[in-house]
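Presented below are the structures under discussion, each in the form of structure tokens.
First subunit A sits with subunit B, and in the next complex the same chain sits with subunit C.
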Partner chain A sequence: MSLTFYYPSGGFFERVHPVSKLICLMASFVPPFLGNEPLEVFPYFSFLLLAAFFAQAGANLRRVYKLMIILFVMSIVLWAFFYRGKSALFTVGRIVIMKESLLYGVTTGIRLNCFILSAIIFLTSTPIEDFTYGLSKLGMPFAASFALTLSFRLTPLFMETGQAIVMAQKARGLDLDSGGIIKRIRHYVPIIVPVLVSGLRRADQLAVALESRGFGKTKKRSAISEFPITWRDYVLISFILVICFVMGAHHFS
Partner chain B sequence: MTTNLLSLKNVSFAYGGSERLAINNVNFSIAQGEFVGIAGASGAGKSTLIRCASGITPQFFKGRFSGQVRVNARPITGKRVAELAGIIGTVFQDFEAQLFSTNVRRELAFGMENLCVNRKIMHQRINKIAQLIGLSGLMEREPQSLSGGQKQRLALASVLCLNPALLLCDEPTTDLDPVAKNMLLDILDDLAGSGNSVGLVTHDTERLIRADRIVLMRDGSIVANGKATEILSDPQFCIDNGLFAPQMFSLFSLLGLKDRPLSVDEAKEVLDREGFVAKASPSRTDITMPSGDPLITVEDVHFYYTPDSPVLNGVSLEIEQGDFVCLLGQNGSGKTTLIKTFNAFLHPVSGRVFFKGIPVEKIGPSKMGQKIGFVFQNPDQMLFAANVFEEVAFGLRNYGMPEKEIPQKVAAALKAVGLNGTEDIDPFIMVKGDRQKLAVACVLACEPEVLILDEPTTGLDANEQVDMMELLVNLNSLGHTIVIITHSVQIAASYARRIFILDSGKIIGEGTTREILGKSDLLSRANLIAPPCVRLGCMYGLSVLSVSELAEAFK
Partner chain C sequence: MRELFSMWQNTRMIVLTAISASAYVAVLLPFKGFVIIPGLTEVRPGAAIPIVLSFLFGPAAAWGTGFGNIIADALGGMLGPGSFFGFIGNFFYGYLPYALWRTFMGDNNPVQSGMKGWLLFGIILITSCLVIGSIIGWGVDLLRLVPFGALGPIIAVNNFIASAAISTVLLALLYGRVHMWGLLYFQILGERNAKSMPFVRKAARIGAILCIAGAFIAFIAGTMISCKSLGAGYGTAAFASDAKGTMAVAGGMAPGLLLILLGAILL
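Up next, the complex of A and B:
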């Protein structure tokens, strides 16, 4: 059972230089804003979906698809209230649903899911160390980029600890699902306290362990992995640029 | 004259605002190429000594520091720990917190990358160290997916890759099985042999005796310093300092011999020379088996997280009411997974688990808690309350105990574990041994029929271990069925009535403690080694379980 998103496949995306990948990740956030109608952003979404399967991110998609659906539905519901439209479509009870708000909600929902797909492709094909390396090559100090990517390293560990703690408290008869809302929140105290305590303890020990292995001794650092720039880098960057260009031309014309 | 690689002069340290000195005016040194063992009871100041020697104190732990620490004759005061990396390597007890990389190779590379080591040299060192430590086949594995023992070896290897002149290890073997423990000691021995200096903190005296020199600490001071054969020769002195006396030393002391043999073979040689003859085993009246009513029945249980790596491979066993059972096996053999099926925490992929004939999934995990009490390995994963009373009362309230009966039940549980009078103390300031006992009290208060403990003695010193185990023996005599999981054959030999040996998700041996310990081939199949007294007994054709039994046979 893997706890991180990274899946070592040795495929196309994995062999792209981390800096190119970071640039492409950022560039991939642009096209969703170059479409205002569901039909304008949907092709890009389908393209990303294909790319995700190409990057062997299927297993990760299965882990997040619920979140993607929730985001999509939430977006439609929220914008139905907050985006003012002109033409009424139908009514739900006393609420009038406008055509424009509905379309805007759908578009935004697709946009959000595009961001998730880009991020999934990136995380599936990039070990955390390469992520850190890419950020520091882009000019971020190593300590800062390490700290930034540390959350990706530690989240799965916290979840694992959390599961162990839930099990330990259930063994003491803790029933998480009974009672009213206040009671339920109180039920989480025996879980949250040990999670926080072990998290803090762990952070302390990690700081010591990192320094003992020379973390921050010098500003320069060597890297075990080699990152040659290949045709893949050019292909990926050009691909993204072409998409941005085509969608941009359509958008501004 | 040998040069001292490390020397501490009049070093004292007190944590935070505490008045108590964790170490008090300590003078300590390690010569180049020397392997020094550091021993003592919990709280004697061993870890603080290691932290001071590596510069971690006072940089990371604030407090009052005085004295001087020199490495290679240069004072390290004021230097950052990172600057000392490559000269001093430190391996910590909590190996989980030392691992954070995507795979084993990158974990090993991390320190060298920080020191700007050339890529080619990095690969060479990684391959060499991985082979030495037995991690070669695991290079692409995620550290979190490794077993406890493999993780602990990886933590050591990641430090060894920096090629430190001085290696300091704080309890690096707690989660290793006996074979891996011996391997690790061989590596430390070799390191010292090739000119590196090694400092090793451990409670494990059977292995400590292999060090060139032993330093014994008590209440923050060094109370003895010399060869193992001198320092640990008196069993009573060992116990007073929270250590189990090495078994061969105890045996020879009981037999009135002056020698202190470092190995079983050496002991046999001396005994033969002195003309000791073993009498045939006197017929032993082991405590008779319990009633025979099956309490927990496991029928052909299979379990996996992913189908290609099965954890349990068809386990069947029966635990009888009133028994004292030990599940023995190396790390990753499936022990912890197995007990989680007892409480319906994990559902077997196939096979069934019954409690008194009723399938456990019908009873459900939270109701099972009243029947089977679980004490997990790490007490910190269950303690949360502001004081001891609330902590113990938590389970009782969950099971709907009337409020007026609670104080009495809490008091009874605390008394049973020897923590009476601590009701108002904050669990987090208790020492590890007490937190472990408190965890037992929490579970005990709900009066379960079975008590299951996962590695109840890990990280405890000798006296704390004996305390914990005596507590379990006592509870057993009151009618509780006890099941412990351990990789310590010593603990199983001393306390269990019945042993199951688990290896790669299968039960490969089951029987009374005496039967199982006599089968050394069975033990070695599971990477386990019988304690020295059992092995020496075997050489004379005796089946003994303790030093005193063996000594009797020679009288």
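Up next, the complex of A and C:
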């Protein structure tokens, strides 16, 4: 299974300019805040769910659906304790569950799931290079966007190293699942140290390799991929803005 | 704080930023140390990594920890408005340990500094964990997504348990080796010249005290307001417009968070 969510489908969302996708991702976080009750947020959630299937993100949704359910349930439970309501609905032992708290918990649960759906649509249709390209076009300095790209690239390597070390240490008798909380965490020391040391060995070589290719010498950089702005960008941005406007008008009216 | 920006001129520091981010994610995501409530709270050994990396790589670890949080969110499908506060909180979690240590102990080895060093190390751990809990908890509470009273303490306590359990062991095993390879941040960025000036040193000490005080004020105020132990009046007094809702938490924590920010600038 791939570590990232990207699925090259060649579909509508994938062909949108990375900057437009980032703008739409940020704009897509606004509508859930414009609904105060479950019924006001749920239509947007349904719309995002449809959009996720349109973006061929079904396989990725299967990866996160448990997380979505847990977040929804935890939101209801947490807000039942922390949100003050007026009308008592029922009691669980000594705890009185208020109607307003329950409704707020459900609304926030749907809201959180809207964010996950937006992120899944974005991550399914956007390779890491396009993500960092978009960030750099939005003003992120080149060195920082380069570091972010490099981090994304190195993460699977580090994880692979980590898994290999876990297996090697388990073969030597390391038991990660026994003992109390502190003991169990301390069992990870023989894993973390080799992971960090192997990473540091790469650091010096990487820096030399980068400098020998003239990294950081030129201020104006060219990009290997250029993305044209097409009708898809206008359609997507207009669409999300219309949703924001409609929900905003309903919210403030 | 200047080195946070000047480090981007140095290729080794850029690479160390990427390595810090990747190492953080690679240890944080797959290794679950101790699950307390499934899906909500678990103590992960990876939470100790930023503290260790901060002492080793300084500003590179600060940026790396922030980026690591973004990557973890992207790989977990959790990229959302909370990711912004996740970035800021983790950035401070990676920034404060080395900055506070350097202010009082200079370039001394953190695992060979005697009782004074251990005491400072403990204060740094507590402060950093309170700061990350306060910033992320404050942010998501401001967005009215998760109450501070639940998330802030969970983040702070979990990070503290993991850091207290293994950060000293990891530092003892890694510090000498990294020093030998010449990859410690002050070896790469050069000896501290500005910090030797008396007024800069004094400002840094004031900054450190502000950060420590701010961390405690923000965290205690946030927890008490969120759990309704402290009257909403405190939130109102602290510029909150709606003291009945979560704005009370946001407003009540604001003075503490401002102290942290001001302190971090002076460090």
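Just so it is clear, the second predicted complex is superposed on the first by the 224 of 253 C-alpha atoms of A that agree within 3 Å, B and C clash if a C-alpha of one lies under 4 Å from a C-alpha of the other, contacts with A are read in each partner's own complex, and residues count from 1 in each chain.
The rule is short, and it goes like this: contacts are C-beta pairs under 8 Å (C-beta built on N, C-alpha and C of every residue); 3 or more make two chains touch, one makes a residue touch a chain.
None of the values given here were measured: they were computed from a predicted structure.
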**Asked** Touching A:Y6 in the superposition: subunit B (first), subunit C (second), both, neither?
**Response** first
**Item:** subunit B versus subunit C as contact partner of A:F82, first or second or both or neither
**Value:** second
**Message:** For A:A207, using the defined touch cut-off, is the partner it touches subunit B, subunit C, both, or neither? Pick first, second, both or neither.
**Reply:** both
**Request:** Pick one for A:V96: touches subunit B only (first), subunit C only (second), both, or neither.
**Result:** neither
**Request:** Please indicate which partner A:V197 is in contact with in the superposed arrangement: first for subunit B, second for subunit C, both, or neither.
**Result:** both
**Touched partner set for A:L112, first subunit B, second subunit C, both or neither** = second
**Asked** In the superposed arrangement, which partner chain does A:A168 touch: subunit B (first), subunit C (second), both, or neither?
**Response** first
**Prompt:** A:S222 contacts which: subunit B (first), subunit C (second), both, neither?
**Reply:** first
**Request:** Would you sort A:R186 into first (subunit B), second (subunit C), both or neither based on which partner it touches?
**Result:** second
**Prompt:** According to the contact criterion defined above, which of subunit B and subunit C contacts more residues of subunit A?
**Reply:** C
**Message:** From the superposed pair, tell me which subunit A residues show up as contacts to subunit B and also as contacts to subunit C.
**Reply:** 3-4, 150, 154, 157, 161, 189, 191, 193, 197, 202, 204, 206-207, 211, 215-216
**Message:** For a test of understanding, state which residues of subunit B touch subunit A in their complex under the given definition.
**Reply:** 54, 56, 59-60, 80-83, 85-86, 88-90, 92, 94, 96-98, 100-103, 105-106, 109-119, 122-123, 126, 140, 142, 144-145, 158-159, 162, 305-306, 340, 343, 345, 365-366, 369-370, 373-374, 376, 378, 380-385, 394-395, 398-399, 428, 442-443, 446
**Fill in**
Given the complex, residues on subunit A that touch subunit B span 1-4, 6, 8, 127-129, 150, 153-154, 156-157, 160-161, 164-165, 167-175, 189-191, 193-194, 197-198, 201-202, 204-209, 211-218, 220-226
**Item:** Contact footprint of subunit A on subunit C as seen in their complex
**Value:** 8-9, 11-12, 14-19, 21-23, 25-27, 29-31, 33-34, 38-40, 43, 45, 48-49, 52, 63-64, 67-68, 70-71, 73-82, 143-147, 149-150, 161-162, 165-166, 169-170, 173-174, 177-178, 181, 183, 226-228, 244
**Complete:** The residues of subunit A that touch subunit C in their complex are 3-5, 25, 29, 33, 60, 63-64, 67, 70-71, 74-75, 78-79, 81-84, 108, 111-112, 115-116, 118-120, 122-123, 131, 141, 143-144, 146-148, 150-152, 154-155, 157-159, 161-163, 181-182, 184-186, 188-189, 191-193, 195-197, 199-200, 202-204, 206-207, 210-211, 215-216
